[in-house]
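Shared chain: chain A. Partners: chain B in the first complex, chain C in the second.
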Partner chain A sequence: METTQQTESKIIELKPFTDEMVVNMGPQHPSTHGVLRLELILDGEVVREAIPHIGYLHRCFEKHSENLSYPQIIPFTDRMDYVAAMNQNWGFCLAVEKLMAADEKKDFAVPERAEYLRVLICELNRIASHLLSFGTYGMDTGAVTPFFYAFRDRERLLLLFEKICGARLTYNYIRIGGVSEIIHMEPGSLDEQNFLDEVKDFLDYFEPKIDEYNDLLTSNSIFSERTMGVAVMSAEMALSYGATGPNLRGSGVDWDLRRDEPYSIYDRFDFEVPVAKDIPELGAVVGDCWSRYKVRMDEMKESVRIVRQILAEGLPDGPVMADLKAVRPPKGEIYFRSEAPRGELGFYIVSDGTPKPVRLKGRSPCFSALSALQELSRGLMVADIIAIIGSIDIVMGEVDR
Partner chain B sequence: MPEIFSEGFFPNINLQDETNWATDFVRDVIIPRLPEAVAGHFPVELGTVLVMVAFAGIFVAVVPLLPLVLVLAERKVAARFQNRTGPMRVGPWGTLQTLADGIKLIFKEDYIPPQGDKLLFLLAPYIIFACSFAVFAAIPFGDGIPIPGDFNIGIFYIMAISSVIVMGVIMAGWSSNSKWSLLGSLRSAAQIVSYEIPLGLSILTVVMLVESLGMQQIVASQDGGIFTWLIFRTPFTFIAFFIFFISSIAEVNRTPFDLPEAESEIVAGFHTEYSGMRFALFFIAEYANMFAVSAIGVTLFLGGWQGVLPGYDFLGGFPGFVIKTLGLVFLMMWLRWTLPRLRVDQLMNLCWKYFIPISFFNILGTGVWGLIFRHDDVWSIGISCAIIYVGLISAYAVAGRSLARKPEPQPS
Partner chain C sequence: MNPEEIYKTLTDKFGESILGFDTELAGDPIIQIVPAAIADVCQYLAETDTLAFDSLMCLSGVDLGAKEEELFVVYHLYAMQHRHSVVLKVSVPKGDAHLPSVSRIWKTADWHEREAYDLYGILFEGHTDLRRILLPDDWEGYPLRKDYKEPDLYRGMRVPY
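And now, the complex of A and B:
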């Protein structure tokens, strides 16, 4: 009896004690696209939970705006989505213009020339933004070279922007009632011709490059392995999280404000809206990281198409700024949304008839997309988290505002 | 003379070998110059060891210059791939950039994480550094260039030494007291341990053909020009070479297998917390390793220092060896700046589900081949080359179609 007890007591039970590890990814991390902080709960390499913490780039932009006149707010919008600042300028200006249009006493319309310049420059800006997204996504998945290619081309775009508005990143170009007149290109002048020629040169150079990038990264088998079928966001999920833009179209929802709720002069242009679909022979599933990425690659082509149409028509004559004495919208409120590169950028403005807004709220597409991260990343691996963040293409300046 | 050493003070050193260069050196050069009273009693084995140590000293002094060149080469190669010029400021065409970086790193603060394990933290870079340089001891650089560690088990020694590196990696990751470092080191451990298997198995195919583990013997068996190089000897060694090469990329933690130091995922992996010269040691070791595995690949499969044509010295000797090795190094750089990174599970899949079964198949095939043909028979080599040629053509026909640009899926 005693011996049995002794032998039994000698049995060592193997109970490996494993615990989940909590890791802070960010705010200083090479690939959280700015100052996003993720609280990762890891079981080895597997992510049990990825909780995003935001606010590291919060600059009280909305509250600040309440103390500024409307034109003064435009530079703040530059600093929201700083890689697509033209589109942010535009989104805000469109909202204010619509609010002002409600005032029947003022006869006010954005000049034709300004509309064309706006579309031209915003589509180029969309290309620049998607290029950055493409480059950093390559970097996120471990390929460094696409980043340099993307920045080489983006550099040419930035030089164009510099030419037209004097700034490379925070443009403050699109103003309420038109576009900035600071660097004024006279209609039909040599300046204008040079600028348009340069745009055309860029498009001629850039369009074949998209195919080159598709060869380099999109159809790379390691890249496909890493991104296809990973973090599938279904159409319902995308809609319920409020994902918009390429993220929504990547989930197979055919929705683009430029086509479905045309603002400005988008109804005059002929362009397609790329929507992801299942590609069984490659392994791509609608809503996975690859689809979201691919939609962006295809959108660049469509942007090129729009800009080509503008170049073919030529910029119309006339002023670039409406004859506005002061920006003083009537009492009322407005919500206006436009299609920025990252999705639906909405501005909600409450005005009491003074030159300053009572309340201003920006509806950030990145914020909504980021909220889906927690559900998308559950049960995946650490490397997939990076792939998801890159594929939903967030800019923290816009998430935090 | 052999009977003196047969019991041996230093059993690991191949003193039985009559042609041991260090012993020869002691007997032919040192002993005749000694006074006669001493010469008779001169301990030859001790002298042998001293000569070897002295030569190793020269090696240790010279070989670190290699990473110096390779780092610059990598930066220049990367720059070319990326439409840049690379470093251009320090020295002509930036050739002294690495030196400047090295000097900067020496003067940087040597930070030791206060919560970490100090001893292991300090030790880890030296272990990695020492092991990656110890590999060089057994690499046959050229005809007539003595190998400090000329063992009859050369390749086995290399495998053994290079396995110790992973210990240094784990030590570095653990002692840093950083979660990223820990993740990196665990990834590294899993990866290196896994990829050592296909690596070893591919080496085994060569060893089976040559029937020797000695590096010099392996080189000596490939002396009949390019078609007697072991890569073309049998179709199986041809496959084994690629498995060896890919596995060795994984062994030295380079893209697409650079998970242990995946910058975009786990910051810098196991050496996140290292700074200054300790970081530089990791860096140097990485590039030394890269050169070492390429040199091993050349020795095992690409003829070592043997020339392309029998009887001619074209691409032979020391320069030929270095050119071939740098060719493989360039291939690694090319891959690094082109490919994205695999995920952990895909990495393991590739190793365990593809490389290891193929490697076993290779060993089986090589054995059967050895039974059928005499290994350096002209017929054997001819048939082998024909099979490789047909295999490549058919592989291109089958895979090339799917590898060619896929029809652009047009989202409507």
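And now, the complex of A and C:
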């Protein structure tokens, strides 16, 4: 009798049975980076399935755009990825400019000074965006300090943006044909010199800080344990899901639109494209959460490098706006993509020759990257989900549009 | 390969399923394709070594106007290895908008097709999980269609503002 009982209890221990449980994570949750709801189907602490539900921030800006003229749409692009709004403005303006350039009758070029200002400000915005990503990722994985450090430095960048366009978050700075002149900086004036000096001061201050942050978080053993080898996204998977930017480079694909399909004046600058590598002595695998995070940290250095080159050359003289009578692209359609901090930001525009687009679609990098979450998180622990969301670095304003 | 060569390759292979090559308008040249053949054409484009289109950059639904009879689905493809791109376009009737899904070929298409279904009401056959993505499940109508009229009320909340 006693022996049977012992065997039975042994069986129970060997085959622990738990009911599958459905848990809603979000939409109001600090580590979902906005209003993302995940329907988690859990077996104990193991995630059987994590189904993302999006759309909580959907404003259908594409529908709005069909009733607005092209310049009026730019503020809407600000509200897509609101932590890198300059890059969103730029992506949209580049698409419109390319479509306008297809009209042979119109001769127009973006002035040199505007191009330099665009690259300068967008690279600074990339740093600001990656800083936010770095800070919140630290907080997601249990380290609060990086968040304060990141926001302290980001604040300096926001003050710079405020100086150049009057806004801290939604800039509407880059316009079709140039940049906004709302705060006038005369070429060669004291205003311009002060601004560039401030940028230089920031870079001098910030560059050593990147190493400090790497000491603080990147090589931190708790952080490494949480992120290394977790949720490995292979290069094929990243390409198939359309994950771009740091997520794609984190999977070991050497691809950056700034270098491989150079737009604007990126071909004049010298910069490296950080790509993830296996680091066996640390335990990092290409495509894991840590690699995606590390690519962003390295990219900040490259952005600093590009801005330094602009400062060394100085801003060219001349106007900041092309001489455009009206923004009226010819009949036709265009898809143009640019490298935003979160990846390939594309705009698909269908024009019928009127001042309003017939169709505008924003191809959001986060939207595609987030769709990989379900496959990435299958079979991992609940805590890993947080590490994955932080590592693919989503902004819900852009996912939901 | 440039889009013209790709067009020639496709006409050799698929014949009448390829409707035409549109270069008149400003912007990218477009290859027009019969809706029923789109999945086969995409599979061919993805799996042939000389073409190797491994990434679907964008998939969009298009409605050109309330009086038009057709909706369009536009595919922007890119091949990382060969660094060439192509634009495919299919047109489906508004009353009966359906075409084969390409989500088996590129996973990007999964959510993008759901978005096109959500906002245009285009049905993608063979999609494993075709539900609304951006709008609530009980939303009525397809907002990006040009003849769309927003409802007065949604669950007791006023919609027009």
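Heads up, the rule we're going with is that the second predicted complex is superposed on the first by the 384 of 401 C-alpha atoms of A that agree within 3 Å, B and C clash if a C-alpha of one lies under 4 Å from a C-alpha of the other, contacts with A are read in each partner's own complex, and residues count from 1 in each chain.
Basically, a residue touches a chain if its C-beta (ideal position, glycine included) is under 8 Å from a C-beta of that chain, and two chains touch if they have at least 3 such contacts.
The shown structure was predicted, so the numbers you read here are calculated from the model rather than taken from an experiment.
For A:S31, select first, second, both or neither according to whether it touches chain B, chain C, the two together, or no partner.
So A:S31 only meets chain B here.
Tell me which partner A:A372 touches in the superposition: chain B (first), chain C (second), both or neither.
The answer is second: A:A372 touches chain C but not chain B.
Could you look at A:V119 and tell me whether it touches chain B, chain C, both or neither (first, second, both, neither)?
A:V119: touches no partner chain.
For A:N214, is the partner it touches chain B (first), chain C (second), both, or none of the two (neither)?
Only chain B; A:N214 stays clear of chain C.
For A:V395, using the defined touch cut-off, is the partner it touches chain B, chain C, both, or neither? Pick first, second, both or neither.
A:V395: touches no partner chain.
Of the partners chain B and chain C, which touch A:G242 in the superposed model: first, second, both, neither?
second
Quick one: classify A:I222 as touching chain B (first), chain C (second), both or neither.
Only chain B; A:I222 stays clear of chain C.
Considering only the touch criterion stated at the top, classify A:P329 as touching first (chain B), second (chain C), both, or neither.
A:P329: touches chain C, not chain B.
Can you pull the chain A residues that chain B and chain C both touch?
none
What residues on chain C touch chain A, complex-wise?
25-28, 30, 54-58, 60, 62-65, 74, 76, 80, 83, 87, 106-108, 110-112, 119, 132-136, 143-144
Under the stated contact criterion, what part of chain A meets chain C in this complex?
Touch list, chain A to chain C: 54-55, 58, 60, 62-63, 98-99, 102-103, 237, 239-242, 253, 255, 260, 329-335, 337, 344, 346, 348, 350-352, 358-359, 361, 363, 367-368, 370-372, 375, 400-401.
Under the definition above, what is the set of chain A residues touching chain B in their complex?
21, 23, 29-31, 42, 44-45, 138-145, 148-149, 152, 211, 214-217, 219-220, 222-223, 225-226, 272, 274-277, 279, 282, 284, 294-295, 298, 381-384, 386
Give the list of chain B residues in touch with chain A in this complex.
Listed in rising order, the residues of chain B that touch chain A are 78, 81-84, 179-180, 183, 186-187, 255-256, 258-259, 262-267, 337-346, 405-406, 408-412.
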